[in-house]
Amino acid sequence: MRPSSVFNDIIVSIAERSRSLVDLARMRSTPDGVDGLVELCQQLVSTTGEVSIIALAQEVHARFAALDPADHQQFFRVLLEDFGVEQAALRAVVETYLADPDEEHALALHETAEPRRQELLRRLNLSPGGTRALVSMRTALLAAMAVDRELALVDRDFVHLFTAWFNRGFLELQRMDWYTPAAILDKIIVYEAVHEISDWDDLRRRIDPPDRRLYAFFHPRLADDPLIFVEVALTAETPGNIGAILSADREPADPKGASTAVFYSISNCQKGLRGISFGNFLIKQVVEDLRRELPGLKTFVTLSPLPQFAGWLQSLAEKDSPLLTAVREALPLLEDANWWQDPDAAGRLESALMPLASWHLLRARNAGDMPVDPVARFHLGNGARLERLNWLADTSENGLQSSHGIMVNYLYKLEDIEKNHEAFANAGVVTASGPVNRSVRALPAAAEIAAA
Amino acid sequence: MRPSSVFNDIIVSIAERSRSLVDLARMRSTPDGVDGLVELCQQLVSTTGEVSIIALAQEVHARFAALDPADHQQFFRVLLEDFGVEQAALRAVVETYLADPDEEHALALHETAEPRRQELLRRLNLSPGGTRALVSMRTALLAAMAVDRELALVDRDFVHLFTAWFNRGFLELQRMDWYTPAAILDKIIVYEAVHEISDWDDLRRRIDPPDRRLYAFFHPRLADDPLIFVEVALTAETPGNIGAILSADREPADPKGASTAVFYSISNCQKGLRGISFGNFLIKQVVEDLRRELPGLKTFVTLSPLPQFAGWLQSLAEKDSPLLTAVREALPLLEDANWWQDPDAAGRLESALMPLASWHLLRARNAGDMPVDPVARFHLGNGARLERLNWLADTSENGLQSSHGIMVNYLYKLEDIEKNHEAFANAGVVTASGPVNRSVRALPAAAEIAAA
Amino acid sequence: MRPSSVFNDIIVSIAERSRSLVDLARMRSTPDGVDGLVELCQQLVSTTGEVSIIALAQEVHARFAALDPADHQQFFRVLLEDFGVEQAALRAVVETYLADPDEEHALALHETAEPRRQELLRRLNLSPGGTRALVSMRTALLAAMAVDRELALVDRDFVHLFTAWFNRGFLELQRMDWYTPAAILDKIIVYEAVHEISDWDDLRRRIDPPDRRLYAFFHPRLADDPLIFVEVALTAETPGNIGAILSADREPADPKGASTAVFYSISNCQKGLRGISFGNFLIKQVVEDLRRELPGLKTFVTLSPLPQFAGWLQSLAEKDSPLLTAVREALPLLEDANWWQDPDAAGRLESALMPLASWHLLRARNAGDMPVDPVARFHLGNGARLERLNWLADTSENGLQSSHGIMVNYLYKLEDIEKNHEAFANAGVVTASGPVNRSVRALPAAAEIAAA
Amino acid sequence: MRPSSVFNDIIVSIAERSRSLVDLARMRSTPDGVDGLVELCQQLVSTTGEVSIIALAQEVHARFAALDPADHQQFFRVLLEDFGVEQAALRAVVETYLADPDEEHALALHETAEPRRQELLRRLNLSPGGTRALVSMRTALLAAMAVDRELALVDRDFVHLFTAWFNRGFLELQRMDWYTPAAILDKIIVYEAVHEISDWDDLRRRIDPPDRRLYAFFHPRLADDPLIFVEVALTAETPGNIGAILSADREPADPKGASTAVFYSISNCQKGLRGISFGNFLIKQVVEDLRRELPGLKTFVTLSPLPQFAGWLQSLAEKDSPLLTAVREALPLLEDANWWQDPDAAGRLESALMPLASWHLLRARNAGDMPVDPVARFHLGNGARLERLNWLADTSENGLQSSHGIMVNYLYKLEDIEKNHEAFANAGVVTASGPVNRSVRALPAAAEIAAA
């Protein structure tokens, strides 16, 4: 039994007892489905008794879990429409504020303008397992938002509260190794999103050898369920491909002799926490942890995918982009799935694709004028530098399909990360090494492309 | 070394490193005292770099800790005046809202009307030890508020954020016993606020015997420092005085034979968390824990002080209250400090004071029409019932001075606490046993008193 | 990192340092192979310095590990011949004793007659990992004994010391579950010797559901490496076959409703500890643990194999035993590997084999007049009762081959185990249920068989 | 609740159950006092049932604990006379051995010559708390031996088994600090035997500051009860007096700047383990632990008392030893209890006593030709060097009475300890620094003294 389970059992038993103490008759008389659920939510935001709050919150979670996606949609619409601000009250406070716009009245505005949803969510968080249930509820909300964009307003309340509850002060970094409970390692296998873990032997190769590490962030209210994790290889130099790192045959090396820590996989675990950021701090904390343990480490670098490069290239081709002018002849070589095993084809494609990959990372921008590549946004936003592109670096099926086998190294140089971050955050400047910068020069300038 | 200290060391070392990476020159060039502190706070709310946030937050805490109370006052005034809402922006949003009062604009109102202080406090929370430093900062704020009532507006932001950060989901109940680390027990000795713990032997008598318990709530960001704790004696019946419970000579009993759990001391530990409530849940959780361990327990009851009874009586005497008509002759007996050892005097005083004590708890109200006695407010608000008053129940110097030796039992009857709580919270009704209710009938009705 | 590893690291580092402090020149000048090893053993038993003892013991272990089986044989011969008793000294003490046979001289006899091997083994135990290395050394010794029976004398010293070091007071019972470190579960998979664990999913089915348990004994000097473990299923009744217990499809049941705990697999993990008994205590301790947790459990019973039944039957057939007279016609049905799927064949074989299986367990004796079946010896010696034989209880390939699909329930009835144990240990009496006893009556009496 | 207590509870409950399963009638019918106790011991060595062994062992311990010292004496006499070797059997084995003195028969000699006491003690060790009870039993035995020297033969069996059970492989080194459970610290206060710990504040000064350490050895079967502990101060240089180390006023120093680790107090905790040595390994392990943590430490040295110096000097005076010839005039100065505060008297006594103290440590020998000073025997036997004597180093009442205020530094130089140990163990050579060696030269040679 887990040490913490005693504590949880007590909470659960209080919750069970609560149910027997509150007005169960009233609770049970509420109809099934969304209507009854909404009625319970109304009771939940209006009751004052702590025991009732726990009992009602638990009942709401149980009923929500029994709904299907169509009901979700309907329930979230009710949250949007009936659990927003109380307009009459707000209007009155606005009047008061306009008559006397002091701090006191401004604060009254702040409080009155808070949607009732926030208090509802705060109370739903108080039942045993409440945080976990709310993370699941948001997973359903994100799905519903894909259909009904107006629900984004509801999501803003989830994001606001999750940001407070999952602030860095509560995150706990833990190293996973072969002595970690199997129940947690089992989840790591499921959550790995970059380079699939095929079985327990594969997992063991990533956590047990002395030159391999896996670190995860945990939160006290989602105990035993990681939020995000990073896999690290300790090596003699910056690696140019993923195969050597994941190989089942390699000989482990003494980590004391390593000069380089390679972050080769970062996976978010909880869909319901999308957009709540902890990754940037994870990397900095792991860097610090490794530096203390192994003072010989001098270089901290990623080996990262370009997950949308092939798709982006495809869309360039479809709109006949001038960027492709010089390479149009080489591209059809990609139609042979085994092109990468043919040295001649591979050589021609390298010349054609590598400058485009640099362009993809450095110049291709989304609507917000940020790099289109989400991995680049993440590491550059963290203050890393775009250091090197690697040809034939991931020849797995997935690697060839999504990025034509190319991978990137982002370099974390501690003394520059704050400067890099600020240049990127404030002015969108992508800090890159000389070779990467030079490699795009042969291509038409971005301005010309845009004009084209 | 503590297990958790490894983790903290890493955070501290990141923080140390942060300081070397941010623009130290600028940080150091800020002047000493309040002016420099305010300048750093301005930087802190406007920077975007995570490393800078940590470094600046740490510097703000260090500088605040070096200030004296007069500086505190000045600093909190600046927080009030310069870190409030941005009025121009808010005015604009108000206009928009009035023109189109939809949910979107109401939410904009909510966000714009948030004082900048809240973001400042959230960022101050991100440094290592940030939560602890903010709890200390609020202790200083409470002192400053005693002089400058307008600072209450600043305090509302502290309360708002502390309520979120210290919500029950993060509290961990732990039983303290003779195997608890000495460092934590040492704090229990210091924090005990009801019946002083004279030394380690006295402490041991309260935690080591099988019929004694001490439970405390902890929070992950204030590790090893309890928030609140309760001391429990397991007995054969509801006790009528505290001496028998604290006696150094008594023979411990087998807890399996106990029918009654007596909560005889509850102490809040953190001045800076005043008004942030966790006590009600502490008692319910301990009740549940004890019931699971010892199914023989049937009665859960407190043995509590009336800390303001003597002062209240004194003020009645000064305004010549009609309540005292019948007892005026007995009161001078109290002038002899040893009155309680004289059976005759004690008998006369019992007849005189016990009905008044019942009146004090049942009828005497403060400006908010709640019981004047804070202990009564706490337990009645929790759903307990005023069960019994006990004569000569605490003949310690403090007990005689504050309550003429009287103590109260509040009874926690699980099936009634939600009902009692609601009657109290919604209508101010004090649920009391028959004898307590009857004992006030001989006195003039409250209405007459008020009219007098 | 494991908690205990800090401690071990220090011991290892002392050992490493030790090597640099002792006379390495002398140590290194000893030749390779058995000769040098023996020379180091001589030094080890004669030195007095503690640091030297650690360094020499470590060197001996390292050199032994590099030997091949032929060298082992030679080394153990040296232990037998050169590390025995000192005959001259012993002869002298014998003379003294005969002259004056008091307690003092008897004790001198005891001490002088101790083989020098014992002191050697005690000192080999003092290096880091020494106990583990000695367990490996005995594994090699057992192999060598198969060739050279005289080495049994050496083994008696190992057994003598292992019995002291692994006495029950040092064994720690731990429940393994899905939160156990993967490194330990991995060993469970490898060590399972009765019903093979096919993969991690199969393992999980045996430890994670609420109605399944796995308990193991550990020893502080073999941390993380189990000595023996038992798998338990909590059920509604005594099971008659293993398939239902191991099924991947079954629905877990609430253990609170279970009346029966089934010990369906017991595996010894350490070859080098063969004959050092802890299994009997394991079962009693698990029974006690389960009774405390689940008072509803009333029946404690095994579901055990008859591993040698098929072989024994084969040998009866070969010597044309009168026991087979009545069944000779049915036996050829076994030649069809799928006989058990043919109801007719299965019916005839049941009538033929079940009485023989009872006979096998009740009457068939080895040279020491104990049951030939080792599993029966174990459970009967523990005080269990032979309760029931089950037909078609294990139709796995192994189950069919070794026992023609039959399995046995041994019943642990707490109030009888001491009585049963004594009857078995002192008089060889096998306590069995009425049906089992009756089922052998149809067969010729043992005396007749023996006479045949 | 302690983590390990669950396990112990189970053992205890097995033991309790055992008592209900064995033949209680027979057990209870044994008379009270020594006779019944002996009868139970006879049953214990002859039964085979494991459950009976546990029940009987527990009953023996309970009955022994109820005896008074006179009964102890009588009981140990029975152990001596009736639980020794079985003479008839031994005589037979001796005959066989003499007829055929091979290894097999020598081993039979060894086994038959073992006193039955050893099996009795082994079985007494199997009950819950058995090891602890046997340690108490030996405490009683040591007291009884002071009266009846023949019991030393019984003690040899205790020592033989304790040496096996408490071998270093089972000892666990733990650092005690302010986070150690109070229950363990409480024992440290009681056990400190060199420089008394006056209260919890004094204790805290020895374990909480960063430049103070306390390490203890624990054994798994005496959990939470230390065997031996050492107190360490980290300093800038070898200290010349104890006052500065124990001062309540001193400012703690950063341990990273320390060059010297001072072992200023070593206390054995268990009287019943007298003569079972673990102290030598404690120091070496602490040295290693400190070196790993603080590479700046270069010097490892004790600050030790000369507990018998004053007594030895007194006996010299009584027999008018020629050693005192030159100092006879100074000695009467000691009669003034405050002599050490008078610079003139102190100066004269320093000249007189310091050479004698060196002589006391270097030359004064006991019957075994070892130093008379037990602390010297311990550290010199460990391989330390007698480095320096310090004048007015301990002016506490105890320090002045036992050693006229003098203290010694023994130096642990890792590269020499094995050499020093061997010189001391094999030839009685005391390795000392030049100044100490020189300081005795002015005195008459030992040979002359002996002749006198």
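We call the chains A, B, C and D, going by the order they appear; numbering starts again at 1 in every chain.
Going forward, contacts are C-beta pairs under 8 Å (C-beta built on N, C-alpha and C of every residue); 3 or more make two chains touch, one makes a residue touch a chain.
What you see is a predicted model; the values in this text were computed from it and never measured.
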Partner chains that chain A and chain B have in common: none
Distance between chain centroids, defined by C-alpha means - chain C, chain D (Å): 39
Length of the line joining the C-alpha centres of chain A and chain C, rounded to whole Å: 51
Intercentroid distance (Cα basis), chain D paired with chain A, Å: 60
Chains grouped in pairs wherever the two touch, ordered by label: A-B, A-C, B-D, C-D
Chain B residues within the chain A interface of the complex: 7, 10-11, 13-14, 17, 21-22, 48-52, 80, 84-85, 87, 90-91, 94, 97-98, 101, 103-104, 106-107, 109-110, 113-115, 122, 125-126, 130-131, 153, 156, 164-165, 167-170, 172-173, 220-221, 280-281, 284-285, 288-289, 292, 383, 414-415, 417-418, 421-422, 425-426
Chain B contact footprint on chain D (complex, rising order): 1-2, 175, 177-186, 200, 204, 224
